[in-house]
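See the structures that follow.
Shared between the two complexes below is chain A, which pairs with chain B and chain C, respectively.
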Partner chain A sequence: MEEAEEIFKEFKEHSVAEFFKKNRQMLGYSGKIRSLTTVIHEYVTNALDACEEAGILPELEVTITQLGNDHYRITSKDNGPGIPKKHMGKVFAQMLAGTKFHRFIQQRGQQGIGCTGCTMFAQITSGKPTHVETNTGKGKTYIADIMIDVKRNSATINNEKEIESPERGTKIIAEYKNIAFTRGDYGAGEYIRRTAIANPHAKIIFKDPNNQRFVYERAVSVLPARPTPGKPHPKGLDVDDLVSYAHSSQERTLKTFLVKSFDRMSGAKAGELEKKTGLDFKRKPGSINWEEAEKIVAAIKETSFLAPSTKELKPMKEKQIREAILNVLDPEFYSIKSRAPATYRGGVPFIIEVGLAYGGNSGKKANGDTRTEIMRFANRTPLLFDSGSCVITKVVNELDWKRYKLKDLENIPLSIIVNMTSTYIPYTSAGKTAISNESDVYREVQLAIMECARDIKRYLSGKRKKHERRTRKQTLVRYVPEISRALEDLTGKKKSDLELKFMEIINKKYGDISLNGEEPKEEEHKPMQEDRRLQGIEAAQEDLKKMQEEQEAKENEDLED
Partner chain B sequence: MERKEVMKRLKNMGTEVVEELETGNSPSIEVPVRTLSNIKFNEELQQLELGASTSKRSFMNVGQSRKFMQTMLIAAWLEKDLVGKGLHTSLRDMYYALKRTIPGTKENTFEDQHSESDPIIVDLETSLGALREELHLNADVRGRVVGNVVIEDRGDTVNWAKLGSGGWSIPSNVEDITIKSVDAEYILLIEKNAAFERLHEDKFWKHENCILITSQGQAARGVRRLANRLSTEFKKPLYVFTDCDAYGWYIYSVIKWGSMNLAHVSDKLGTSQAKFLGLTMTDIEKYELEGYTIRAKDMDVKRAKELLEYPWFKNELWQTQIKLMIKKGYKAELEALSSKGLRFITKTYLPEKIQAREFLP
Partner chain C sequence: MEEAEEIFKEFKEHSVAEFFKKNRQMLGYSGKIRSLTTVIHEYVTNALDACEEAGILPELEVTITQLGNDHYRITSKDNGPGIPKKHMGKVFAQMLAGTKFHRFIQQRGQQGIGCTGCTMFAQITSGKPTHVETNTGKGKTYIADIMIDVKRNSATINNEKEIESPERGTKIIAEYKNIAFTRGDYGAGEYIRRTAIANPHAKIIFKDPNNQRFVYERAVSVLPARPTPGKPHPKGLDVDDLVSYAHSSQERTLKTFLVKSFDRMSGAKAGELEKKTGLDFKRKPGSINWEEAEKIVAAIKETSFLAPSTKELKPMKEKQIREAILNVLDPEFYSIKSRAPATYRGGVPFIIEVGLAYGGNSGKKANGDTRTEIMRFANRTPLLFDSGSCVITKVVNELDWKRYKLKDLENIPLSIIVNMTSTYIPYTSAGKTAISNESDVYREVQLAIMECARDIKRYLSGKRKKHERRTRKQTLVRYVPEISRALEDLTGKKKSDLELKFMEIINKKYGDISLNGEEPKEEEHKPMQEDRRLQGIEAAQEDLKKMQEEQEAKENEDLED
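Entry: the complex of A and B
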């Protein structure tokens, strides 16, 4: 009896820690680098969610300080709504490990255990509690050190105190060992950068262990709309889904079950299905068998429905993506496409948004070269790991970039930003780091990237043409003084008059091209500049002046030499 | 052509360019095409002639604008600094006189003499209808001559028979020389200087009563013009003696029919009555010189094949010789004759050939 109790006690004592250890891979705590990025992800996600839920424009500050080998202190500060004292334990120290999957709603996190995982991870690697300071905006900051009591699976709160402070928000300080910071693709810095791109409404300050400070300013001062729960769309519904939904339904008839369970399923549509299948839709939904479900699914395929309701989907929207791209990447050219909502598998609606940014800070800098980078997002959350198994990477790799004059992705300053918005992201694994290769998702991502790539191609070929024309103009202009002097010698006409004549005929053909290449940067988005219309003699005089100035400058230089 | 006329034509070129410019069009100059496609062979006159094709060199065409600029620079310089001042100079001098960095750039007006400034002079010669000499530009000075001829050159009377071992050095411009007397049966023009020295030492010209000229390689304009004048003005046959290879034969071709580059002045530089004396492929067999031949290289064969295609080589005798060379795959220098003894050429070969009138057309 005693023995059994001991065993049971031990089991209980270790259960929480055991759960964490067993599942840490799944939870993102595998490998030193990834573990650190996961901690940052949890803190940032929680802060953003909390702010948005409270209708506050987020302002985040994340600091990583190195304390020793594989030993860091992470500080996360936000201007969120703060955490009421009574919820502290739940947020930071309770392993709910529950799933939110039963809710058909678009969410950022979906990780389930969030901050508690961090607290646990800090505790088992450094032995230290997580320090929290939180203020709900009522004039008081509540301060405490939190640990998880593994015996009771609840919070142990120490050093509690309350101080007067007007500043709302939450600050978390925790120490971790067995983690590592990197500046690479998988590091916290990159995670923050991508978060900033996907969340232009947030201001994020990031200090890395090398004391480098990155500030991502807020580009949009409107909060994204909150997602709401929704219903699956009938298109793409499979037989198994239908049978299981129907069998667990409390509705009295098959017809009401269909109308109430599925998006865009009106009474008339259900009637249409009834006619097509020849089934009695007044039966209890639980009474349909596999064959009958097959008939219904087949009939759905032949029936047209409105596109899935997108009210539960809150994509980033083109304007926000544009602001984010301009803010973070400052590109020379960009193109953004937002696809119409589509569905995959069991009628799960999703929206693909793609932004292609070229030049400026676009692309990934490595060893002095800049190459194409893929930024993957699921519901605005950056996906950093397992890029190889992600449908987005697959589309990018399989696309015939040559068609878009972008043949050498290794050497192009290009950022490919793809955000999948869905009530349910089809991750490849529980790690939630890659989107699985659903054919409908593949197609949408492909179409959106292709549309953007076409724009880039158009821009680049225009740019190349312009460059060629400029070189030509420069060549011609270069010879004007020489030829004019020779003609002055031969004919007695004044050199300056001849030069002007030559500039005139040059500008008749090349009046739209400036000599020094200082064209307006994003002319694709700006109306034609007034001076671009300046042609003929005026442009000629201008160019001539510019040229003479340059020559004088050069001659002065020569004299000084 | 009068100096004034040359200057007038240069000025006119400038005026035409300015007129075109003032109408708001891209100024251009017309230059006769000098590629094989525009070279015609006049059967009757037996000389190369320039066809009617011209090419436009337009300022606004970026591929031609540099050449246009260079042409203008040269034209102005010729008019103002050379012909205008009554000076003469060489192509190389002109190149250096005009080469400079275009202000405010890293580009030079001229980068290379042979590929840039020289061809423009030929352009100007053809488009202005003026000889290089008339533009006050001297051609290469190369070639020597001996024989019973008395001339007057810049006030000096020169007897070619009394110039010792060196002979008279042929200037680039022989236009203004007065040929006072010629006492010779024929003119023998030799490609190689060494053979000329041999014949001169052996007093071949005295015994045979002929004029000996060496071109020292490809015949310079002075040599060609002089041979033309001697042969035409004094009705003397001209025999040409070169190596037995495509290059030697082409030297003959240029002397007789004119060159492609100077097809516009073939009448002055080409001597259509010239005959080819040797060395021929037949000579090699006849005089048993096979042991002294050189294996023909790819370039030799390639050049020989080109000769085969030239209309002026399209006669049976030449075709046979050229084909024989391609077939045998060897060539020979005229010094190969020395294998029969140093004076074989003087005593046997030349007298025999001339006696038998064994010539190629």
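Entry: the complex of A and C
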């Protein structure tokens, strides 16, 4: 037997950069195609975030140049605010350093790992530093080559210089090996296309390694409102958070601490909590212990608060989702729902938006079949990978689609678009490609999809009813000439008049149904009621004419036989 | 527009513990059921690792006690080597500190995060420290309450004391809120059951919150060979690793560095590399630069090396997999394959073992259907969650099962058991529930499953052929009495003799086929050839008797009608 002392002799501490170097797959660096897309994702999200925080309409240029087998140079250029010289090392070569981690603000990046991950991956595959040129708009461009000292999680900066230049923004050039470009669903091109769909206020130019140039022009010239830091909502706040917020607070009383720290916490609400807990709210916030914090959290659970303020949340909005759906999918029918803001664990507010599109180019074509397709977005960032471990996929797979007349998802031309907007997306891993299965998020996604699915069900059952009604109308119409002829003999009335009379009666009941099933496409987007208008004599005449033409055509065919 | 200086004013650095506190879902803490299972997973794997490294046959006792709504106390006790007092804080309350991260050794834990993650999750949900009692076998038990200072990623230790005690091992008691116990597929009970299946050398006692006690007795009294640290294999080694190994080496020449640092690198092989690269291998290892390292890696790619040494890899072995399959699934047919050791990125050696079981209790019952079930293991640790993002699931989903006569995985009583054994499992996230899609791993899993699937195909097509042959035999046998009667009249020979003669001829061709389709189950596990023996006169007599009995039974039925 080996003794404990012997075993623990090899105890060592490691840096977070060493951890992510060894576990690079957790950052998205597994597989050549995915690795390239991960790099593009990091550069693009950082550029968009920087522009939006500075209030600049984003203009990005991404270029991928092939240098050899599995060997590429990636260039990313933006018109953002630039990076101050003294922060360069931390932005590009120090993990867990950044402005985003601790603030309660809706941004794409949020961890302070991704950009440094790129620098590290470039360095461990190509051996080359990441070249950065950045200009904060004060006439000077700062240029440097940056590497990361992995053991110490800190930057090594070389070849620094400053040149005169009026052009504001940041340009990154880095070389990668062991990555690969593809035009497929998981490639950088698709990533950028989906980014453009969800961010119509950005202009994005993309040059692929085959020298193809894609320009996604700005469709909206208004910047989404600048993201602002928010406060946590009391509902869902956990005890640990409350204790740590309280203990680091500078406020003089528990009451002012509560009112100033949390969203929707008025003086009256704090007073209510004081009463319910029986605690003295004039004490210093730092003096509360775990049991007291537990009491406050329990009281919060029993108190109603306004829904989280949405001022810090900037969802895609229905108009943009509709444009994306109509442009890309041109569906037979669609439905868009935006849920009211909710919170998950720790009072983090979020909004779920869902678009369901049916028919047209909806769904994913594969081997001649059309299967249901899920397009996932988080803060307008497309999520391409790890679909299987994402809460969105989980909801879709677990939903009882039969209730919505959608039986076999494998064979339905359906596209499901889901965007989660939040000040903090609970990603399953640092690679940020899947949203974790938080129960509150699950429920909101589920409710939104169900609302849309109900619309589709209504549409499809309307379509089915219409089909049944059409069959009935066709049957009735078929007998009109015969009966009219018989009645002509009986009553002496003119057959054509009788026919018209009959058609008028039929159309009183089936006026909304065309005989050949070619309702104009537009109408199907409208609610069903509008369709149920009576069409009167003109429609009857037209139907009769059609019927007679068909009859003639049939007789001609019979003669030819 | 906001200026860069303004934006970067809020730049802050964060500890890895803060990162994982905010992103607790990355450690497996999302959802109440999953959170509880994650805790059990961390305690059990640490206990098993400690025992095995010390050469002790593991005996574990895990108790879950419900204290309130979503509120539990978890106790884990082992007979392992104990933890030296001075390492207590780092083991339980400092992330990225440990013995496993930097060593090239096959263990269940590997990151130095999990155990501290438990301490943190207990603390942020219940506010309570983790109580530890540990004894290294020298007559004293060290007792302490441990918390983590999240901001500084370091331990806070209270209530320390030492008592006299002869009993070696470690006991952990911690309280958790916001977790839930379930008896289902994702619960702690199922986790422990699967652990017992894959670790028959361990005795595990599990007491669930309903006071049910499960004892998994030791089925094998031999400890798996103690894991030993290995060396990286040159194939798959990347340039960055080579440079960093070389620069931290104390060896005097590049040649001795290569020979001593890498698996299967003989002096002769190093000489071959020297020739191919044209470099001077008498130089200090620290003197090589990136381009030179690239040359060495390129030369390694063109040189053949022995497959990685397997002495540090301890797979489950066929015998154990077979026992698990027979015990748990009692299948109609099974096939087990163990691939030869291979390497993935960075020369990490691994072995893939696959067992496919068909029929019997194989597959997953759900709503009356039986679907294909995948049981994933990594270093004998069951992987219950995130199936969708695991390379094993990916292989299964992408395999062309039709080629193996298995059309619709949704409706097949098939269990697929895969165990990856490696000195480093490339998990998709720190929660360690899914294996990343590394191409080398994908290929090995695929090949192993395909080998097993071929066996199943052979079995199923044998079964089908047998069925066809049985039908033919039955048809022939049916006409024997009639033809015999006719021949009796024609030739004067006795009908019963003729019948026997005919049956003998039929059984020469169809002797392996029983008329009623009830082949003994045992035989189906054997290769097909053995079945194809001729059964001769006895079999013929028996078949004839059976046939006559059936005939009589039928006639009686007719009479009754």
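In the analysis below, the second predicted complex is superposed on the first by the 293 of 561 C-alpha atoms of A that agree within 3 Å, B and C clash if a C-alpha of one lies under 4 Å from a C-alpha of the other, contacts with A are read in each partner's own complex, and residues count from 1 in each chain.
Keep in mind that, in the parts below, contacts are C-beta pairs under 8 Å (C-beta built on N, C-alpha and C of every residue); 3 or more make two chains touch, one makes a residue touch a chain.
Small disclaimer: the values here were computed from a predicted structure and weren't measured.
Contacts of A:256 after superposition on the shared chain: neither chain B nor chain C is touched.
Using the contact criterion defined above for the overlaid structures, shared-chain residue A:66 touches neither chain B nor chain C, since it reaches no partner. Contact with chain C, but none with chain B, is seen for A:437 once the two complexes are overlaid on the shared chain. In the overlay built on the shared chain, the residue A:508 is in contact with chain B alone; chain C does not reach it. Shared-chain residue A:498: touches chain B; no touch with chain C. Residue contacts after overlaying the shared chain place A:478 against chain B, while chain C stays out of touching range.
Once the two complexes are overlaid on the shared chain, A:165 sits clear of chain B and of chain C alike. Between chain B and chain C, more residues of chain A are touched by C. In the superposition on chain A, A:487 contacts chain B only, with no contact to chain C. Chain A uses no single residue to touch chain B in one structure and chain C in the other. Those residues of chain A that touch chain B in the complex are listed here as 472, 475-476, 478-479, 481-483, 485-487, 489-491, 493, 498, 501-502, 504-506, 508-509, 547, 550-551, 554-555. Listed in rising order, the residues of chain C touching chain A in the complex are 1-5, 7-8, 10-16, 18-19, 22-23, 25-26, 30-31, 34, 50, 53-56, 81-84, 87, 90, 94, 96-99, 101-103, 111-113, 123-125, 127, 136-137, 150, 178, 226, 238-241, 243-244, 290-291, 293-294, 386-389, 393, 424, 426-431, 434, 436-439.
Of all residues in chain B, those touching chain A in their complex are 10-11, 13-15, 17-18, 21-22, 24-26, 59-60, 62, 65-66, 68-69, 72-73, 75-77, 79-80, 102-105, 107, 109.
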